[in-house]
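Since the structure comes first, as structure tokens, the remarks are kept for the end.
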Amino acid sequence: MKQVTLSKENILGLIAIGLFVLMSISVPGFLSSNNLTNMMFQLPEFGLFALAMMVVIVTGGIDLSITYTAALAGVAIAILSSNGYPIIIAILGGIAVGLLCGFMNGFIIAKIGVSPILVTLGTMVLFEGLILSITKGNSISGFSPEYTLIGNGYYLGLIPLSIIIFLFVAILTSVLLNKTVWGRSVYMVGSNPVASLFSGVNNSKVLMKVYLYSALLAAIASIIMTSRYNTVKVDLGSSYLLQSVAAAVLGGTEIQGGYGKVIGTLYAVMIFQMISSGLNLMGVPRPIVTVIMGVILIAVLIINFIKVKADENKQKKLAETA
Amino acid sequence: MKAFLKSKEMSVAVIILLLCIILAFISPVFLTADNLLDVVKGNAVLGILAIGMTLVIITGGIDVSVAAVTSAVCVVLGKTMMFLPDSPLTIVLIFVIAPLFGVLLGSINGILVAKIQIPAIVVTLGMMSIINGLVLYITNGQYLNSSNFPTVFLKFSNFSVFGISIIIWLFIITAALTWYILKYTLIGREVMAIGGNKESAVRVGINYSKVQIFVFSYMGFLTGIAAIAQTSYTKAVDPNGMIGLELMVIAAVVLGGANIMGGRGTIFGTILGVLLLGIIQNGLILAKIDTFWQKVFTGAIILIAVSYDHIQYKRSQKQLSKIEVEA
Amino acid sequence: MSEYLLQMLNISKTFPGVKALDDVKLEVKKGEVHALIGENGAGKSTLIKILAGVYQPDPGAQFFFEGKEAKIRRPIDATMRGISIIYQDLSLFPNLSVAENIYIGRDSDKHSWKKVDWALMEKTAKKALKELDFEIDVSTPVEKLSIAQQQMVEIARALAFDAKLIVMDEPTSSLSAGEVEKLYEVIFSLKKRGISIIFVSHKLKELFTVSDRFTVLRDGKYVGTYHANELTEEKLITLMVGRKILYEKNKEKAASGKTLLEVRNLAKEGNFKDISFELREGEVLGITGLVGSGRTELAQAIFGINRPYKGDIIINGQKTVIKSSEEAVKKGIAYIPESRKTQGLILRQSIINNISLPVLKKLKNKFLLINRRKEIELAEHYIQSLDVRPPLPYRAAGDLSGGNQQKVVIGKWLSTNPKILIIDEPTNGIDIGAKSEIHKLLRGLAANGMGIIVISSELPEVLAVSDRIIVMRHGRIAGELGIHEATQESIMNLALLGQKGKVREEAQL
Amino acid sequence: GCVSQQGAGGNSNSSKDGKDEAGGGDGKIKIAVVPKLIGIPYFNASEKGAIQAGKDLGVEVIYTGPTEADAAQQVKVIEDLISQDVDVIAVAPNDAAALSPVLQKAKDKGIIVMDWDTPADQSLVELSVHQIDDEAYGRHIAKSLIEQMGTEEGEIAILTGGLAAANLNSWIDAAKKELEENYPGIKLVTDKIATDEKQQVAYQKTLDLIKSYPNLKGIMAFSTPAPLGAAQAIQEKGLQDKIAVVGTALPKDSAPFLEDGSLDVAILWEPDKLGYLTVALAKDLVDGKKPENGQNIDGVGEVEVWEDGKTVIMGPPTDFTKDNAKDYDF
């Protein structure tokens, strides 16, 4: 029967809690309402990228074009709304553009079968080029005040709207992955695409939906970012690319595919957020923050490794005494 | 010859050839020796790193920390050169220091991948973050320029043999050496074997972790060489100058026919991949493509190249699985 | 000096939750062919992996090789002593040439920078291949070889390493009858040269053909070691399973109902051509032939994976184009592939997730979510009815032994309630007990109205389950035989020579 | 209807209290100076000046910024600064519009907001410190190029750091305007070419440019690494006398190229002074003082203040040439 054990995710959760306690004690101002709301405002966009990346990694792929997909969607929204279209139309237009990007990735990966890293490398450059040629490198703004509420507003005057959107998407992703036929197929295709094909799974449909979903999350991230920053530019969120891979992997997602959980990614994003905010509050130089993030990434995996080894030894001892 | 016609390199070669023909028509300058040498020289650093990456990718690994490691070596190299005397010995010394430091960083990657069994992309992502942060912290992004280097190094940078720059020679020698290792040494064959089938490799008694550590250390060694080439090329050290290069390195290798899952990849293919990327960059300006559309073209060419290559590959696989059907 | 080349004593091996081996012993004499047999999950593969240095036995094990105590900690220790293992899934490097595959592993560890002498390598390889009387260009990459050829390369590797003991784990499971004969010859010649062989197989006939002595395992325990002349097939089975089973030619009459599937002039370039046949409700159609005769390709074309083809597939009287495996499943076709580990199962996933995979869509509740309770019930149902051992639904499929894995695959496809079941090499690597269970199961399913196509290279099996037999040769149908006229000889005639025993119309009667 | 634009009033009150406490705690004024990114020579130089000003004037200076020139990262840095209860935030925005909401937030919390180096949303800032008048600067560079070319006819090209860099774009636009208005004989061969803020890319692209346009007479290079790469290409091909290069580079880095004429003039201001000025004016603001036109700032010199009372111009640009480059330490 199922045992309650220290899974990868549980360890990570403990680390996250530990970190929170540590930061609260040692960093003045960490528990201030100001800092807490800050973190809640900063987390959603990064979290959305990390989730989008995680879903792709579970299939054994990777999406390097994700931030430019978001930027392109943002450009569409900006152009539509600055041309006087209502917010809803602008948002839908942005999502449609995002989905189109996802479709392009999905088509070449799922139908033609080219490896994801190559395809998304190509589309990354392509999307960047498209944005450059549309915007001529300039930033576009001109969103309506209601639009900026999405990224800057509060729900009940207390909780940032964007974190609510993020949590909703996280729960949705979790339900989709764990409880739906598509979600199950994602894990199966990620574990062994040949066997899933031989089991009547339409791999290319599953993959196509994965890239569409990832693009959708990127578009949502884009909505939050553009409304928060009130502008869009070619490099909108570009620094999130490798960070989101790191967060997904830190969250326990296996880079070869087949395994990955929303909750793990959530913990990882929280850990990164706390480190970033906490160390900034302490006045640690930014480069050192980068160093520490790298150290944490590797350290957590070493901890996992040691734990697996320890478990094996324990099992052995148990077997010997039995 | 026949084998080559069917090989994966062939499709890249075809694309390069097509591009060359088009560019030759558009720009009379393109096919001049001068221009072609410039292209090779400008992409030598990319090439040297891509050659190391070929080995990593053949074993089924990946190293996204190459650009960061190269930057770190460049910085170390630049700082030490400020103290080195203006004598030929300095050149010898930098060829010891740079590769050694590269190997040191590379072997850390290797040990983490082999002994702790963390996936290569994760280890190297972490390393990239650590090294980039440290380099930025230590140097504060400060440039070192040629006035910081001994003149013997500047002479070395401008040195050429048979009219070919030393930087290109570094690339050629690296390629030849690596080709030799891959083809004629036991460890080279073990690299191929591990990529072909990891489980079999363990069963026939190949020391899997040793090979992995070797591959990452060798990658580190080549970042040392690449750092020398880079410093010679720009005659300056810019701690931020390599950011983002890792993706191009990986792209070059995979465009050259290496399989990202491991087992397949050749030095020749990688050289073609590097050339393809180099020619695209060069050609965009020669062809006077509008600035804002250059990236669109680059992206589109990469996508077409990889799709074409993959379709070719699938076709050849189909040929392979054919059986003789009686007429 | 003892008469034994190899002695493994007091061998136990515990996996988390399973005691795979419990105080087992294995003693192999010089120059003998020693059969290692037992039911699925008896522990044969585990024992061999211990010998190979892949697994470490539990403490207390004793190991003697050539009379001396030996420690085998890593695979290389075994290789260096002259123990060569030929695994069922082979240990070749598809991207390397034949010569390299034969040579590799030599000098590993110590001489990393040693120059590879390609000339010497090719010479060694050619010599080893010549000893096997097997001709092939040694520079061909191994991925271009057939399975049988690949096996020869493995054996050549063992010879090139001066192996004193060669272990073959189910070497014949992917070979055709002709190739099996060839393998026997090789085994006999190895034996003559004083090389000992441990032979693992579920095919009793061939075991009696080649083996001198038998070591029998049951449920991880040592049953005994016997001379071939002390044993009969029946006795051996009793030792293995504690009960008697044998299978014989099918005598039942097919209750042929309406036509479920009709294939007309199916052709795919480089795979097969002019394929026409029909499958009726309640019958079992056997398709046999040599390996590489295109049977798998044909089956996969019908299942929508091997596309595009020319010609027509007619299901229930309606012409259909099957574009994907998904559609095939919708149309009531199930296909159990020949390779369990790569195609049949998702090894890292649980038994539940494997069984439910093709029917997930039917397990949706009204919120469009998977009904986990129903899913578990479904898995438990098939675990019980097919007697999967151990009956732990949460266990990863990869932790099961070969036979139990096959049961999971079958369960997975039965869960879709297929009308047409195509099963490719159904009992590959499956013990005799489970085999006849599977045969019975197939007959039972047919009796309930399912149409079944059994693709098999094992003639006794084809004869035991089929109502009709199609023999393929070089991508074409060489002929069709009714069960009454079919014998091993008549099938082999068609498969090897293409001589038609009877015309098809007659055979159908 | 529960959604409101900004946090509950209680929030800002409490943090205001916090600020007062902090202010009373160590008594030092806290001035945060946020560059576009940290770790590049230009902003390192301004950091030096800012820190020096902190020492001279007895205020605490926090100099921090993103590690990439990314608007999102910069917003985070500012948000974290707000949590640290600083008195002034002076920012060089990567993207002015992107910072508006967070600067608004800072303002709401009682923090004085100003910009430096590159303008932010003018409705939010108390003060806008410019090294230079952008328009004048761009025109000056164009004129210098013509001067160095020695002719008013011929083909020229423009290199830029990134296509999306707003301040570079405004200089380039000014330079283009100058050429169009006063030098009709000059032909721009192609649109500005991006060099990714990397010297070796500028170098490679310049090589390609020289080949594609053999009659090229001049290159204007914007962003600090670009002139160096362009000059390097000229140096290597020995075209010092044929092609003139002017650009925005730091004197120390340009010295080797100025020496042999491969780079003719590097035109910039003294970024350390800009940092110093920013801090000095920030402190004045906290003390309730507004700058005046012609005011003399210790260590910087006379500054120009526009009529809006907000825009402060540090002074005319400095031309760094072969002769004076060695006198500067940045």
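Couple of notes before you dig in:
All chains are identified by letter, namely A, B, C and D, in their written order; residue positions are counted from 1 within each chain.
Rule of thumb we're sticking to: a residue touches a chain if its C-beta (ideal position, glycine included) is under 8 Å from a C-beta of that chain, and two chains touch if they have at least 3 such contacts.
As the structure is a computational prediction, the values presented were derived from the model and not from experiment.
Here the chain-to-chain distance from subunit A to subunit D, counted in touching steps, is 1.
Shared contact partners of subunit C and subunit D, listed by label: A, B.
Centroid distances from subunit C, each centroid being the mean of CA atoms, peak for D. Between subunit A and subunit C, the centres computed from C-alpha atoms are 43 Å apart.
If you average the Cα atoms of subunit A and of subunit B, the two centres end up 30 Å apart. Separating the centre of subunit B from that of subunit D, both taken as means of CA atoms, is a distance of 35 Å. Residue positions of subunit A touching 2 or more other chains: 132, 136-137, 285, 287, 290. In subunit B, the positions touching at least two other chains are 133, 136, 290, 292. Every pair of chains meeting the touch criterion is listed here: A-B, A-C, A-D, B-C, B-D.
Of all residues in subunit D, those touching subunit B in their complex are 38-41, 43-44, 67, 163, 190-194, 196-200, 203-205, 207-209, 211-212, 214, 225, 228-229, 232, 252-253, 255-256. The touching residues of subunit C, counted against subunit A in their complex, run 14, 16, 58-59, 303, 305, 324-326, 328-329, 335, 337, 342-349, 353, 357-358, 360-361, 364, 368-370, 394, 412, 416.
Contact residues on subunit C toward subunit B in their complex (touch as defined above): 52, 54, 74-76, 78-80, 85, 87, 90-96, 100, 104-105, 107-109, 111-116, 118, 143-144, 269-273, 292-294, 297, 473-476, 498. Considering their complex, residues 64, 108, 112-115, 117-119, 121-130, 132-133, 136-137, 242, 245-246, 249, 254-256, 285, 287-295, 297-298, 301-302, 305 of subunit A touch subunit B.
Residues 27, 29, 32, 34-35, 38, 42, 133, 136, 139-143, 145-147, 230, 233-236, 238-241, 244, 281-282, 285-286, 288, 290-292 of subunit B are the ones touching subunit D in the complex.
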